[in-house]
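Listed next: structures, encoded as structure tokens.
In what follows, chain A forms one complex with chain B and a second complex with chain C.
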Partner chain A sequence: MQITFPHMGDMAVAVKALFQELGFSVVVPPPISRKTLNLGVKYSPEFACLPFKINLGNFMEALDKGADLIVMGGGCGPCRFGYYAEVQREILQEMGYEFSMYVIEPGIINNIRKIRETFGPLPFRKVVSAVRLAWNKARAIDEIYKLVLEKRALEVEEGLVDKLYAGFIRKIDETMSLDEVRRLRREYREKIEDTSAKYKRGIPLKVGLVGEIYLVLEPFVNLEIEKRLGQLGVMVERDLYMTNWLLNFLHLRNDEKHIRRAARKYLGSFVGGHGIDSVGNTVRYSRRGFDGVIQLGPFTCMPEIIARSILPAVSKGEGIPVLTFFFDEHSADAGIQTRLEAFVDLLERKKRQRMKGLEYKGEIVYGQ
Partner chain B sequence: MASEKYYLGVDVGSVSTDLALLDSFGNLVEKVYLRTRGKPVEVLKEGLRIIEEKYPGIEINGVGTTGSGRALAGVVLGADVVKNEISTHAVAASRIFPDVRTVMEIGGQDSKIIIIRDGIPVDFAMNSVCAAGTGSFLDQQAARLEIPIEEFGYYALQAKNPVRIAGRCSVFAESDMIHKQQLGYGLPEIIAGLCEAMVRNYLNNVGKGKEIEEPIVFQGGVAANVGIRAAFEKELGCKVHVPEYYDVMGAIGAGILAREYILENKKKTNFKGFKITDFAFKTSSFECDGCPNHCEIVNIYENEKLIARWGYQCARWEAV
Partner chain C sequence: MKIGIPRALMYHYYYPAWQAFFRELGLSVLFSPETNKEVLDQGVKAAVDDICLPFKVYYGHVLSLRDKVDCLFVPRFISLGKYNYICPKFMGLPDMLRANIEGLPELIDPVIDLRKGIFPLRSLAYKIGRRFTGNILAIERAYRKARASYRDFLQKQREEGKREGQVTDEAASLVIGVLGHSYLLNDAYLSMRILERLEEMKARVFTADMLEERALEKAAWRQHKPAFWYFNRQIMGAAYYLFQEKEINGIVQVTAFGCGPDSLVRELIDIKAKREGIPVLNINLDEHTGEAGILTRLEAFVDLIERRRRKCR
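Up next is the complex of A and B:
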């Protein structure tokens, strides 16, 4: 049995650790590339969203490398996603691939039986240690990446933060020891902290990222928007992380309460996907004094379209600039870069004006 | 004259390459508007030559570039500021109309709206999926109807009852125009209908959800078209101001930002001087086969020396 699963950000590191620790062999799909995208686009329904297409590309590349069991998310909602696994299965079967698919559905009892059928009996102790290792890897990655989002804006040597992060991911992927994971987490926390200048000039701009989870987490599909922002000297923060999402999903944490409360003035009901999160978190970032918010979503994404049409009211009501990007396979670098630069300029001028108060108007900015 | 300090703003766009020469106060001294004709570097050199001939021996204190060719123009000239076209248009509009609250800009292949409050941009949008309402399409239609583009707008003004043209997509708009033509509608009516369709399209796409308030400034190459101007005024029900130098506003903005940058940071300009008009610039591109991304890498050479490279996604080609 050769297990594979779709990519989403650096999630593969933790998922791979989980299955390997359980004693299975894993085929990680090759990193998402233009080839993945082209494969996915070619065999997907045109109006499916970008995550669907990339998933399918991942599966094809992994099956070509010998995988025969696909593990995929399912469920009833929170958007069309619940139906994706079924459609992808049909498409792949029609293409002649031979494989089985395990779809993670809600309901524990149901899952336990299905897990036993698919994976055979799993000793409890083994499950505990595998989950612990995977969870610690995931936590470490999310913690370090959170720091990356902040420190990219401040780095002295251009590109150093990203170089360190790539090294961290490589090392944490290699190790199977819990102690080593913890050690790496400490080591790289310090290393990345050290990349910023001791004497900062001014306060960097801070932008909150909201939107659909796949588009926020996967740099390939959002055209590395976080990196672009970092290079423009902007600190980025987001609420969406794999571990955070999982904790909420398992009801071990309840961010939803805060999000709903924050969103209430603008949106009173769950609209699928991360729609209410986009609205609620925009309000929360604004209250925390962020300079702006960027919303990301795949083209044709219903929950984010709803959020998109509410965000202008939030922007006005809370006084925070909001920029929205919808991505599909036609999205191009140049357009994204121009809008980002303009947005950052806008935030900078707004901040300067706020800091200088009314003096600003009299200053020679647009000439005499 | 030689003691005066000048600033140069350059806007390399899809259709036109504009140069704006500003004096030490940031006022426009000279503008050059040239068609890019797919040869940005050659046209840029031509523009510099025109300025050099007219103002021999002047000292350029700072250079700013903007437009879709801003990065290329930036390395060719040695620019101090390389700015996106949204910011430069906003700056230029506020300079000329300090009270402006809405800037509408329609260029060769993009159109944008910038909302300005108290002198600073607070919101903006750009056409994202389609270029139906931009200059290139008008150019194409003018050529098809064999009307000089400069006169295109005046035809629209003669119309008594503009016909309704479907403006959502330029291909369908063209079919619809031909259809109306075959039905026997007059040319002015059809052109006026096209102008109205483009304005509707702009307001529904780019202007969607934006608070369009007076005073409104309309700039970019398409602002020359009186038909579009009239259609905007009719649709919005208020006056639309077109600045005198509507066609080089991006370049003016780039020049103003270069001046601001030089003065604020007390820097010396990186401008390579007018001698670059004699330099040979060459570009070459190749497809990297390092991974399945197959990045198309572009090299920019100045007199056989590699001065810039872009198109890559990883560290492999970072060193120049």
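Up next is the complex of A and C:
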């Protein structure tokens, strides 16, 4: 049995560790590339959202490399993601691939039964140690990345933080020991903190990132927007992390309560996906004194379209500039870069005027 | 008091009930005009670019009612059945309107969530009714009237499905399934009268509305995991039902540009139709769709299946 799964940011490191520790062999799909995208686009429905297409590309490349079991998330709506697996399975079967698919649907008892059917009996102690390793890796990655998002705006030498982060990911991927993971986490935390010099722009600028989780987490599809912001001297913060999502999903944490409360004035109902998070977190970032918010989403994403319709009102009501990017397979570097630079310039001007004690007179931009 | 109901989206499924309910409560009900170019243009201007066509049209209808009524009925639909949802855009609709359109009258936006059975419908009716009258009996009466006229409406649609095709000559017995949301198919301007045109070409047309809901639900389970969006589940069920139960000659799928659920479900129906050997015509509507283009494609499609049938014989 050769297990594969879709990419999403650096999630592969933790998922790979989980299955390997359980004693299965894993085929990690090749890193997302232009080729992955082209394959996905070619065989996906034209108007499916971008994550669907990339997932399909991942699966095809992994199946070509010899995988025969796909592990994929499921759900029951209303976001389209819950229906991905069903359509992807039909498409891949129609293309003639032979494989089986394990779809993680909600419901604990159902899953336990299905896991036993698919993977055979698993000793409890093995499961615990595998989950512990994977979880610690995921936590370490998220913690270090959170630091990366902040310190890119302060690095002494351009690209230094990214170089360190790449090294960290490589090392954490190689190790299979829990102590080593903890040691790496400490080591790289110090290393990255040491790179800080002064703000590239002279003043601290902070932007909150909201939107659809795949587009926020996966640098290939968002055209490395976080890195671009870091290069422009902007600190980035976001609430969307894989571990964070899992904690909320398992009801071990309840961010939803705060988000709902913050969003209530503008959006009175959950809307699937991360739609209400986008609205609620924009309000929360604004209250915490952020300089701006950037929303990311795939083209035709239903929850993000709702959020995008409402964000202009939030922007006006809370007085925070908001910029929205919708990505599809045709999104290109130049357009993104220009708009980002203009946005960041505006944020800087606004902040400098406020620091001088002048209220910013210009119109607050929102949307587009 | 005048209540406005936009003639778009859920109007096409529930207008008899809504009309009866509010009339019985003593309100005067104003529907927006049938979709036309002006409504569409206004809607396209007011809504965000990325949203799908039916919602842009809805914005247009709201704008055309804005200054003429005291309140607008824009319910917040969440779910229409136990294990399903509908497209999330319905859940945020009242909020989107408030954020994007200035000078709106008061919105009546009850939350309609039937995941816990249909009993909440009555209490919902009371909640809405209490805003307009203190007379509980009047609300109960209005609720019953609404329910009755909705049942009549469904009945009429189903009878349409049982009606035998008017077989005047040999060529007139083409059977075509037209799959799409009612708010597209029943909007003459948006759908360019696809249903009528097919009938003019002497085809017998089936839509999901004409079939029994229970049969649709059963047919949808031929998919390993049926779609969880209520209307798409019906469309899916209709497709599989027609493949199995009726001898259909072709399927026309009508989808709107930017429709999320359609984009995935359409693909599944395409795959299944291919396996069954049934020809499919996919029509994607947006604000730039021209009438001539649609007509040509429909004619070509009908020609094709006619020729194919003759060959088989």
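Everything below uses one rule, namely that the second predicted complex is superposed on the first by the 350 of 368 C-alpha atoms of A that agree within 3 Å, B and C clash if a C-alpha of one lies under 4 Å from a C-alpha of the other, contacts with A are read in each partner's own complex, and residues count from 1 in each chain.
Criterion: contacts are C-beta pairs under 8 Å (C-beta built on N, C-alpha and C of every residue); 3 or more make two chains touch, one makes a residue touch a chain.
The shown structure was predicted, so the numbers you read here are calculated from the model rather than taken from an experiment.
More chain A residues lie in contact with C than with the other chain of the pair chain B and chain C. Legend: residue contacts after superposition of the two complexes on their common chain; A:Pro312 is shown touching both chain B and chain C.
In the overlay built on the shared chain, the residue A:Pro303 is in contact with chain C alone; chain B does not reach it. Touch criterion met: A:Arg339 reaches chain B, while chain C stays clear of it. Once chain A of one complex is fitted onto chain A of the other, the partner contacts of A:His251 are absent, as it touches neither chain B nor chain C. Using the contact criterion defined above for the overlaid structures, shared-chain residue A:Cys76 touches chain C, although it does not reach chain B. In the superposition on chain A, A:Ser269 makes contact with chain C only, while chain B stays out of contact range. Where the contact sets of chain A with chain B and with chain C meet, they give residues 309, 312, 326, 367. The touching residues of chain A, when paired with chain C in their complex, are 45-49, 52, 74, 76-80, 82-87, 89-91, 94, 266-273, 275, 299-303, 305-306, 308-310, 312-313, 326, 367.
On the side of chain B, the complex with chain A involves touching residues 25-27, 68, 83-87, 91, 94-95, 98, 118-124, 126, 128-129, 209, 256, 260, 263, 291-294, 313, 315, 318. Contact residues on chain A toward chain B in their complex (touch as defined above): 30-31, 33-36, 159, 163, 224, 309, 312, 315, 321, 326, 330, 334-335, 337-339, 341-343, 345-346, 349-350, 353, 360-361, 364-368. Chain C makes touch with chain A in their complex at residues 47-48, 50-52, 76, 78, 83-89, 91-92, 94-96, 98-100, 111, 223-225, 227-229, 257-268, 271, 274, 284.
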